[in-house]
Amino acid sequence: MTLSVYLSGEIHTDWRDRIIAGARGAALDAAFTAPVTDHDASDDCGVAIMGAEVDKFWHDHKGAKLNAIRTRKAIADADVVVVRFGDKYRQWNAAFDAGMAAAMGKSLIVMHGPDHQHPLKEVDAVALAVVETSEQVVQILTYVQTGTLPTADG
Amino acid sequence: MTLSVYLSGEIHTDWRDRIIAGARGAALDAAFTAPVTDHDASDDCGVAIMGAEVDKFWHDHKGAKLNAIRTRKAIADADVVVVRFGDKYRQWNAAFDAGMAAAMGKSLIVMHGPDHQHPLKEVDAVALAVVETSEQVVQILTYVQTGTLPTADG
Amino acid sequence: MTLSVYLSGEIHTDWRDRIIAGARGAALDAAFTAPVTDHDASDDCGVAIMGAEVDKFWHDHKGAKLNAIRTRKAIADADVVVVRFGDKYRQWNAAFDAGMAAAMGKSLIVMHGPDHQHPLKEVDAVALAVVETSEQVVQILTYVQTGTLPTADG
Amino acid sequence: MTLSVYLSGEIHTDWRDRIIAGARGAALDAAFTAPVTDHDASDDCGVAIMGAEVDKFWHDHKGAKLNAIRTRKAIADADVVVVRFGDKYRQWNAAFDAGMAAAMGKSLIVMHGPDHQHPLKEVDAVALAVVETSEQVVQILTYVQTGTLPTADG
Amino acid sequence: MTLSVYLSGEIHTDWRDRIIAGARGAALDAAFTAPVTDHDASDDCGVAIMGAEVDKFWHDHKGAKLNAIRTRKAIADADVVVVRFGDKYRQWNAAFDAGMAAAMGKSLIVMHGPDHQHPLKEVDAVALAVVETSEQVVQILTYVQTGTLPTADG
Amino acid sequence: MTLSVYLSGEIHTDWRDRIIAGARGAALDAAFTAPVTDHDASDDCGVAIMGAEVDKFWHDHKGAKLNAIRTRKAIADADVVVVRFGDKYRQWNAAFDAGMAAAMGKSLIVMHGPDHQHPLKEVDAVALAVVETSEQVVQILTYVQTGTLPTADG
Amino acid sequence: MTLSVYLSGEIHTDWRDRIIAGARGAALDAAFTAPVTDHDASDDCGVAIMGAEVDKFWHDHKGAKLNAIRTRKAIADADVVVVRFGDKYRQWNAAFDAGMAAAMGKSLIVMHGPDHQHPLKEVDAVALAVVETSEQVVQILTYVQTGTLPTADG
Amino acid sequence: MTLSVYLSGEIHTDWRDRIIAGARGAALDAAFTAPVTDHDASDDCGVAIMGAEVDKFWHDHKGAKLNAIRTRKAIADADVVVVRFGDKYRQWNAAFDAGMAAAMGKSLIVMHGPDHQHPLKEVDAVALAVVETSEQVVQILTYVQTGTLPTADG
């Protein structure tokens, strides 16, 4: 039972790397996908390929649509969608991805700190797990795939 | 062709009332739904009916799920989902609703000010219209239903 | 926003009548459906119409299929499915209905006493509300439709 | 034609092992999945990873949701869902899985003793086979895949 | 709970009229649809409207497609599909309708005499009821809608 | 059986009016929808409501999306989609609507002159009827709803 | 592009073998499935595994359901469904399979002799090809996969 | 993440070859499908296999349906559908494919010259990218799969 996992949300910390490394350490049969995490490339991809726009709205529009080709396929192919809300930025695209995933019946894991608990209550309410750390995500994927729980010392 | 319209998002200004009044003024055949907009009731509904919780997470959890009974039906029944992002709060539930609506193939209209353009680019990219005012929403609904555009003087 | 509500499960107490009466008392715009609650008719309907069976298995089989014509339509048409687990009998059909409703994306309300909490944890986990009384169901439907919460005196 | 088979229900006897061993003995091209069958791990997984709960309801809730990540994928990936009802416990989750499987159009095989025939009539009515033993399940899978029926001596 | 019922199959006896009259006699809230039962019109509709064909295959092809506009909508709108196999003709279109109805999750009632039992076993196996007479269909619809079974004298 | 009919395609002749008048003359129970047929309004609706664009591509883009709110709902609500290809213009949106309708399982009627037969062969191949005149469409709708064919004198 | 092809219908001639041999001869990348074609096993599988029935109806019922486990998966996995109507028997299950395949959006190829043209007109009308011989099916599969048409000498 | 890409539309220039060669040059993990691009074979396949037709309409009809077996599978299997509108012919089948792809939720890339901008506005409005050259398609696929943008010198 290979698990396909899409890692959505914050792109400025190493949370994805720690999940992927942890899953490898646990020898899980899991495949991870993610959005393009190079912020500049993600913002400018549309105009870089399809030509410059004077208006920032259309500049962003062309880029957001190109990125959607990747993220839609990744969500559609995923068994589990992990959405991480970090400390900075609006992160509406993370909440949007969570809504997409919920409507498509994906198993949703939400990851955020305690200060975001109240404004994320609607997202948490549809999640199958709410965690704070990458290590917890690895523990969940390990349990889901192997039935093994973390021991007292981790 | 009755239009069913769900008005999602910000609950602290009168944007919904202005859309509904405008649609009535234009004699549109449209039915509007909305989340519960009484902030306190929306936050506390779960514990008020199903009993208090010590932990704020579960307090919010019970409330968010009750509210979901209403919002899911409203989105499912809608032809058009209007999502308004205001100036305050995180509004992740608005972006979550937009994701749900997009995945369910609803026609999405996003309403926000120019300062939110960049962080909302992924949401705007799936919308069929991006506007700033309630009056524009009324003009869109009028055009969609009757084919009539606003005249020079409004 | 008319709410369509299917009342599944226990057929030996008046819990359905109290919900329906409460909804009427609250002037809700709600339509209720239920399985055939005449236990004998429900058990014998198949053979009564399509001929006797020697084997109890087929006697039950013919009846269960006839009842499914009613219950499938009721679940398919419902916005909200309330499943009541009572004190007696196995009630596997109630849990089966809950599984059907969950897979079909219906808003699920589960109603049971505290002694059934542990064995019903998988069912409760997909519910949008878990309650003990018919009155709580009425309060939920009232809140969902009108946004009004029960006052201190009920 | 690889058959994907999910083995749901009772976790206290060796019925799954006997099916898997029998399928291997018959050289079938079949892949089996199952819930986590370590009862303690299954009950406590949620709090073990995501932190303790005072209230037993939420303790169970967190665990049931983690288990759902595994079982939903397993049911979704399955061609055939076998649901076993044993002699002990309420087993509402088994009936719930059967309801999920039925609504998702999976081929359902139900396995139980004769004393459970009447209360399981609604579940049996949607099944494509009702059996009593693991050996019969192996015979069915063998027939479905190879067209071969058991010989007189087994 | 209005029942929408599509009456498919044999067009040379009065079995539809007897169901419709029986339902009216029982004051059921049921809406019936049927294919065009004028045999000549049904065969020739395509060429009558869209021009003659030399080749009988295309003559039939144009007619069959026109009839499909009606039958597809009727099946799609139906809660219950009754398929009647009579004594004459090949009636492959009746079995085809049954396959469509089954794949679309409709409640299927099959009506045929005992001599057709063996060749119809695959169709009967997906039906929720197998009957011989129009009166039994009326009894089933009555039970499904009202919970009332026929009395000893009919 | 009310028929919902969407009339897609050419907007420069009176073919829609003749179908609607014919259906009224035949006293059919049919509801017709259509795109906005005011060419200028259809082209300029986006900028008229949401502000001017320098680039013609975005001018058209905003308009095409607004029009999609209307046409998507109309196609989704339709039982029958009639697509008319006229003598002028590229009419790619007509073929696009036909593709949408086909993928959504709608009954498709295509209307065009003999000179367009070859380039429309893929569209015609999924249609349930291919006609040349509005009168034939009325005859088809009449037959579908009432089973009555045109008499010798029309 | 591997083609998955389900070969439904007549089980008393070698039409399947000729298609499979022809596809192998043409070096096609195609996978074929079929129902159990051992007539006795197909009729008796249910009682052989799950115990004898006095009533022929239930004898057949148990068998038909077991066979459905195989045929449903095969149809669901298929890109192309070929349905062959032979000279003997009622073959309602073939027409039923065609209805299932049509409702599931499969590409349907129907194979029958000229004397069955009129009674099969509804089935032919939804088919993408109507042929008489196994060789034509091989030619179609070859063309679909490679774009190559048969040469003058076969 | 293998990308499945269907290349629809114009068959008289080498735009497909250039995309496939470019993707190979960029070492992408992508699988390409296309319609049969031999114009004569595509036009005549139906009659070549299933027998001649006097009427050109049915000649084309049989061919268009055979081709649909290939194109439907290709679109259904695709993650990305690229539709190219060239300078010649009506190309209604390209627009039809775009409509199919849009309704099936595929990521759509439209490729055409500036003179076709206005008549293609409805198709462009649902696309995630609108480009003019094969090289841009390769750049998009490269970005979607690897996150890498073209450098200044290409």
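Per-chain numbering from 1; labels A, B, C, D, E, F, G and H assigned in written order.
Note that a contact is a pair of C-beta atoms (placed from the backbone, for glycine too) under 8 Å apart; a residue touches a chain by one contact, two chains touch by 3 or more.
Only a predicted model underlies this, so the values are computations on that prediction, with no experimental measurement involved.
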**Message:** If I superpose chain A onto chain D using their CA atoms, what angle of rotation comes out, to the nearest 5 degrees?
**Reply:** 90
**Request:** Could you label the chain C-chain E interface same or different, taking same to mean over half of its residue numbers are used by both chains?
**Result:** different
**Prompt:** Which chain has its C-alpha centre farthest away from the C-alpha centre of chain D?
**Reply:** F
**Asked** How many angstrom between the C-alpha centroids of chain D and chain B?
**Response** 42
**Asked** CA centre of chain C versus CA centre of chain F: separation in Å?
**Response** 44
**Message:** With centres defined as the mean C-alpha position, give me the chain B-chain F separation in Å.
**Reply:** 31
**Centre distance in Å when chain D and chain F are each reduced to the mean of their C-alpha atoms** = 50
**Item:** chain B residues counted as touching two or more neighbouring chains
**Value:** 65, 68, 130
**Complete:** As the complex stands, chain B meets chain F at residues 1, 3, 79-80, 105, 107, 127-131, 136, 139-140, 143-145, 147-150
**Item:** Interface residues, chain E side, partner chain G - complex
**Value:** 56-57, 60-61, 63-65, 67-68, 85, 89-104, 116-126, 130
**Complete:** chain B contacts chain C in the complex at 33, 36-38, 41, 44-46, 48-50, 62, 65-66, 68-70, 72-74, 77
